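The following blocks contain the structures, represented as structure tokens.
Two complexes, one shared chain (chain A), two partners (chain B, chain C).
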Partner chain A sequence: MDVSNAVLLELFVRSLSLWWVIIPGMVLGTVVGILPGFSAQNTLIILLPLTLHMDIESGMAFMISLYCTTQLGGGIPAILFNMPGEGGAVATTLDGYPMTKKGQAQQALVLCFSASAFGGLVTTIATMAALPALAQLGLYFRSVEMVVVIVFGLTLIAAIAAQDLLKGIIAGFFGLMIGTIGVDPVFGTPRATFGLLELYDGVPLIPALIGLFAISEAFVMLESETIVRSEDLSKARGARWSDTLEGLWLTGRYWWQTVWTSLIGLIIGILPGAGSTVAAFLAYHYSKLLSKTPELYGTGHPPGVIAPESANNGVTSGTLVPVFALGIPGGTTGAIMTIVLTYHGIVLGPRLFIERPEFVYSVYMQMLVCYIFMALMILPLARYMSRVVWVPTRFLVPLILSLVTIAAFSEREYVFDMGLALGFGVIGYIARKTGYEVTAILIGVLMGPLFEQYFLRALRVGQGDPTILFSSTLGNVLWVMVALALILPWLRSRRRQGVLARTVEAGHE
Partner chain B sequence: MSNPDPGPAEPSARTALGADFIIPALAGCLTVYYLASTVDLVWEAKATGIIIGLVLLALCIAHVARLGLAIARGRGSWSTGELFDDNVFNRQRLGLAFMVLLYVVTIYWVGATVGLFFLLIGCMRLLGVTRLRTLLGVALVTAAMVHLALITLLDSKLPRGMILNSISALIGGA
Partner chain C sequence: MKTKQPEVSRRSVFGGLAAAAGLTLAPTSMRGTAAQAAYPSRNMRVIIPTGQGGGAEKLARSFDAAWSKLLGQPFEYEFHPAAAGQVGYTLYVQRREKNGHNLLFGNMGPEMIMYATQKPTYKFPQDFTYFCRTDIDDSCVFVRRDSPIKDVKMLVEAAKKRPLNVALSRIPHPATIGMMALGDATGAKFNYIPYGGGNPSFMAMLSGETEVGALPIANTLALNDKFKILGVFNSTNMFAAQTENAPTINATFGTSIPDLSSSRSWAVHTEWAEANPQQFELLQRTAKEAHAAPAFREAWVKSGNPVEALVWGDRKTCHDYAEAMVKLALQYEKQLTARGRG
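Showing the complex of A and B:
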């Protein structure tokens, strides 16, 4: 996959010309990031009718700019109100909020924005440099390996994201089972369609996505009256320009911290199921571990803001790697982008790097342009965006519910899909309340048809012998990793229980 | 030295595990239905579903056994906890779901835009917004923006309903 410098330059200029979708995406992403409850995923879902209608380049530029900026926006309420706007910003509260309490809110905001922008830039450039190697990686994956990769992805999501491993795996396989609904790919005979013609093409992905995430989240969200306390808003006011400049100076002082913690984010982003929350905590943990002054962490120490913020933006570059290289999304955002790319007829997987390498580079170039714009917007953002007011859930919930119901119509233009989204919403709500990971269900639904395609191909190669699934070295290595992903969390929890029991016992004695 | 056995928990301290059975039950029902509906098909048409279904059934059985054991040992109860409690949030959720369902069912007659207007008013009212001006303002602006963006600009096939069709006919539009 060789792309010349001239082509890269042309892609960069073309990405710059998409400023008219990148800038609105960034503004929207910042606002969405600030408002807890309005996640990047939900907003991408609400705006699906718009992105599906755009040409693929503009649609991707819009989604990417919105997604990347959301990670930045999530840090604002985390720093100002101790209320993370996004999961990835939870770790930012540890030192961001103490900085606000010390009267350094403006410095913390600049640190957050610059770490996000520069961390994102570093990882986007690193990913672009590594793309040829990643493309080669995809070629080693044939049908057998792809079956194991799908199982491995679901297992990782269950192991990392879910609180209970068994529940997580059940959720993943439940999703896979839903994904097998529809006519079979060989003979076209209906399977488990409940007699509904609308399900002959399989379970539509957008209603499943909308229901499992947006509707179920709206049902959960209504339990809180307001999200941010009004008295905390006063802290956002009264910032000075000298504080902003001091924040910039601190960013320069800790530049190396930004670089290496963003690379942690990149690696975590590539792994299915991990995501920005895990990346941010891991980066914070290692930053503290390797620091000469670990005792300052948690008291309003600048590296404690830089580490999680650069890591959660580093995740954004990694998220698209499994989507492009293997056609397998590692999380919800990847799943939404997969749906949009597939809708536009983009065939994901190793062949994408051979047939349309310039497309892959163009997407990363759009990300690069977005981060450059973001770097330019740091000062005005820090100055004014912190004044965004809170929105009560009594307005948020009706808006989310009504807009996503309409968005469910966009893929196939069937009213049936709107009802189906509500059905998935109820399932998603029950799953959330009972601790079954909805991401695993969604990835299962998404991967169901793909799993069937690779599984049948593998069986045909093996003339119906299922042991073909254990015939390749790479596949077997992946099976071992599946086993480790299943066993290690169980062993860890057993050890924790053992330690707990010994502590209780010592207490009794 | 043996591990201290905490014994059965107090009834109030037991974890409500009843709701934990719902997802495995749904998964189990779907699997059984899938297996039953594909009995007569050739192996290629049902192989994937059978493999996934059998693994899923095994996982569900293991989980249900684990839950049953916890209940038998007194650490959990059959209660479904707050999921089906008669509280204000659940009543609101039920109301919201009903209104969305009503919107979907009546969309061909009422239309996407007009229906959205009433849906927003209904949902906001249910969640405690009482000011008429706010209700009408938010609902009107949102419905108008959706109509402008999706129906006028993107030419979506969202049903327009009798009211908008009548207005269009009266003013000579499409």
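Showing the complex of A and C:
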């Protein structure tokens, strides 16, 4: 697939001329991302009649800009209020919110925006450079390999609950148990639904997310005057442009982190059924594992914001790879875009690369332009949005609670979901007060059904033989990585304790 | 052939914004006329009991390209695929107003099998009525182009030696029954793996996780460069030319497996249809006209699907087909449910 530099330049200029759909798409995407419960998929479905009637170039530019900015938007409430706007931003709360509490909301937002934009740019360029090869990647990840990827995600429970492993594991198992509610993935037999139709699909992610994070955090917020700790409030109010620029400097300092975590996002985006939440958790997990200062994660450490944000934007580039290369969408967003593409008579699959390669590149060029526009809005957006955390919680909490309750309803339009969110809110509040990690519960809720689906499928493929789980080379390499992920922190901790003991001993001597 | 669509340009977007602002400011009395108009007076809301981006959505949207013009109302869709479509049907029957503006677009084959095997709380035909079959999508068995299995006889021979993994959309599905019947008749052993839809099943085939696929033929034909269709579960193969004359299973093995096709249809609440015969008649008539309309056929073909599959059927045809599927499913109930560990 040869496309000359002149053609690429022309496509870039053409994409720039589509600013009139890209900017509204970005504005809408940011709003959708900020509001928990409003996902890119649902918005794209609602807007399908509009995009179907646009010409294909404008329609794709609008959808792509909306989709890409949703991931960025999701990080904003995650950082400011500990309330992820999207599943992909849950991992952002782990370090983003502690930064806010320390009066560093501006820096955290700049990190989030710049990692999103830079990560998105990197993966878009990587995809353009190696699109056909990347398409093959999805074919190497079969049920067995996906089981290992999900197991790796589940080991994050142990990592984030390092301070109290037992409580972390209890929380994770509790989440996994909730995750088994719903119909079984093979025969469709309902389990633990109590006859409630609303639970046939399993426990919905959005009400669980809203309850565990937003509602429980709102209850906690009420216990103090402002979100920012009182001793850091003056620091937050005195934030200047130099603080905003510090965020940019931090992104530059951790540029390599942004690159490789965004590539994790790209790979996960290509795989069918995984998505931005899994990508963000995996990137956070790897970032902590490979860090020289893993103990700083969870305390407001900049790489803890960069990793999930660059990964969830990396996913956006990967989503379209199987659509273009194979004609088979891997997830809902890809499926919606497939509808628009086929409606306009675009023949997807290998023929597309032969007959209309410039079309494939034009779509990625639109993504590139979107990320460039995104980079331009980093500083003003971060500076002014961060001020919301000065607002006293007595005003913020009622507003947040009413917004998130509507959000819980909005996805499926069930009143039941509002009650479910409240139920999870109470569980989350109790968990926070008793030292159980709500993130560990959510990982269980989220990864449990994925694990069950791939695990049962792998066993059926193996015709009941469990050794199928160790039958592929790639799968075995991934198993080794899982083992390392569990052993490495333990070894490090032992080593550090040894060093500490020797130091103390030397001191005594 | 390319149809002229009213495209959205920069000028029209800004014009539209200005018009929207104008409408917002206009007196509310000016907007009352539409609400008072005869049936249908507002958007048609459709439940699709399968996931987004699948064959049902493509077909429904192609169909409404013609039907929405005849009815003068746009269509809105929501998707409820859980429990093999049971959630979508239950929601439709129990929680949607019976006013003729709420429709269901279902795949009668798999969803009637689900109805027979899962025993949901709604009743057919008392609660809903299929009234416009849009297509017949025969079940077929296929392999990858580079597979050593070249025809359906080789497939059966290979499956007699060891069980072959078969990628399926769902366990309760006509194509699954076809494979079960083929196994029963020939002694071949198949291992059924449901992937929850056509797209993931195709991915499983391409990745080599499964050796055989059994799915409806229309979407499989759209990937003709990747897959070879070995046989069709019907009395004739209407796509002989596109499938390199793939034989029918019955002709090859002398079996008498019933025709196993997926067939999508529009449905409406039976209570509303019986209480509003004139409006229901309008719905049926316009649906038939839409089915014959070039706008529908062109949109369907543009999405890479074969026009031959578009075979219209009236209420009685749909009813008979649905009843036949229920009977067939009951024959295979044990294998199709967790009780039989299919």
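Keep this in mind: the second predicted complex is superposed on the first by the 274 of 509 C-alpha atoms of A that agree within 3 Å, B and C clash if a C-alpha of one lies under 4 Å from a C-alpha of the other, contacts with A are read in each partner's own complex, and residues count from 1 in each chain.
Here is the rule we go by: a residue touches a chain if its C-beta (ideal position, glycine included) is under 8 Å from a C-beta of that chain, and two chains touch if they have at least 3 such contacts.
Fair warning: this is a prediction, and the values are worked out from it, not measured in the lab.
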Contacts of A:Phe187 with chain B and chain C, given as first, second, both or neither: both
Touching partner for A:Leu50 - first (chain B), second (chain C), both, neither: both
Touching partner for A:Gly327 - first (chain B), second (chain C), both, neither: second
Chain B versus chain C as contact partner of A:Ile354, first or second or both or neither: neither
Partner chain(s) touched by A:Phe455 [first = chain B, second = chain C, both, neither]: first
Partner chain(s) touched by A:Leu290 [first = chain B, second = chain C, both, neither]: neither
Chain B versus chain C as contact partner of A:Leu488, first or second or both or neither: neither
Intersection of the chain A residues that touch chain B with those that touch chain C: 49-50, 53, 184, 186-187, 189-190
Complex contact set, residues of chain A against chain C: 20-21, 41, 45, 48-50, 52-55, 58-59, 138-143, 182-190, 197, 200-202, 272-273, 322, 326-330, 332, 334-336, 338-339, 342-345, 347, 349-351, 457, 460-461, 463
Contacting residues of chain A [partner chain B, same complex]: 49-50, 53, 166-167, 169-171, 173-174, 176-178, 180-181, 184, 186-187, 189-192, 215, 218-219, 222-223, 393-395, 397-399, 401-403, 405-406, 409-410, 413, 415, 418-419, 422, 425-427, 429-431, 433-436, 448, 451-452, 455-456, 459, 464, 466, 501, 504-505, 508
For the chain C and chain A complex, residues of the former touching the latter: 2, 5-10, 13, 51-54, 57-58, 61, 74, 77, 79-80, 82-84, 86-87, 90-91, 94, 114, 118, 163, 165, 170-172, 191-196, 199-200, 202-204, 206-210, 222-223, 225-226, 299, 302-304, 336-338, 342
List of chain B residues in touch with chain A within their complex: 1, 3-4, 19-20, 22-24, 26-27, 30-31, 33-34, 37-38, 41-49, 51-53, 55-56, 59-60, 62-63, 66, 82-83, 89, 92-93, 96-97, 100-101, 103-105, 107-108, 112, 116, 119-120, 123-124, 127-129, 138, 142, 146, 149-150, 154, 156-159
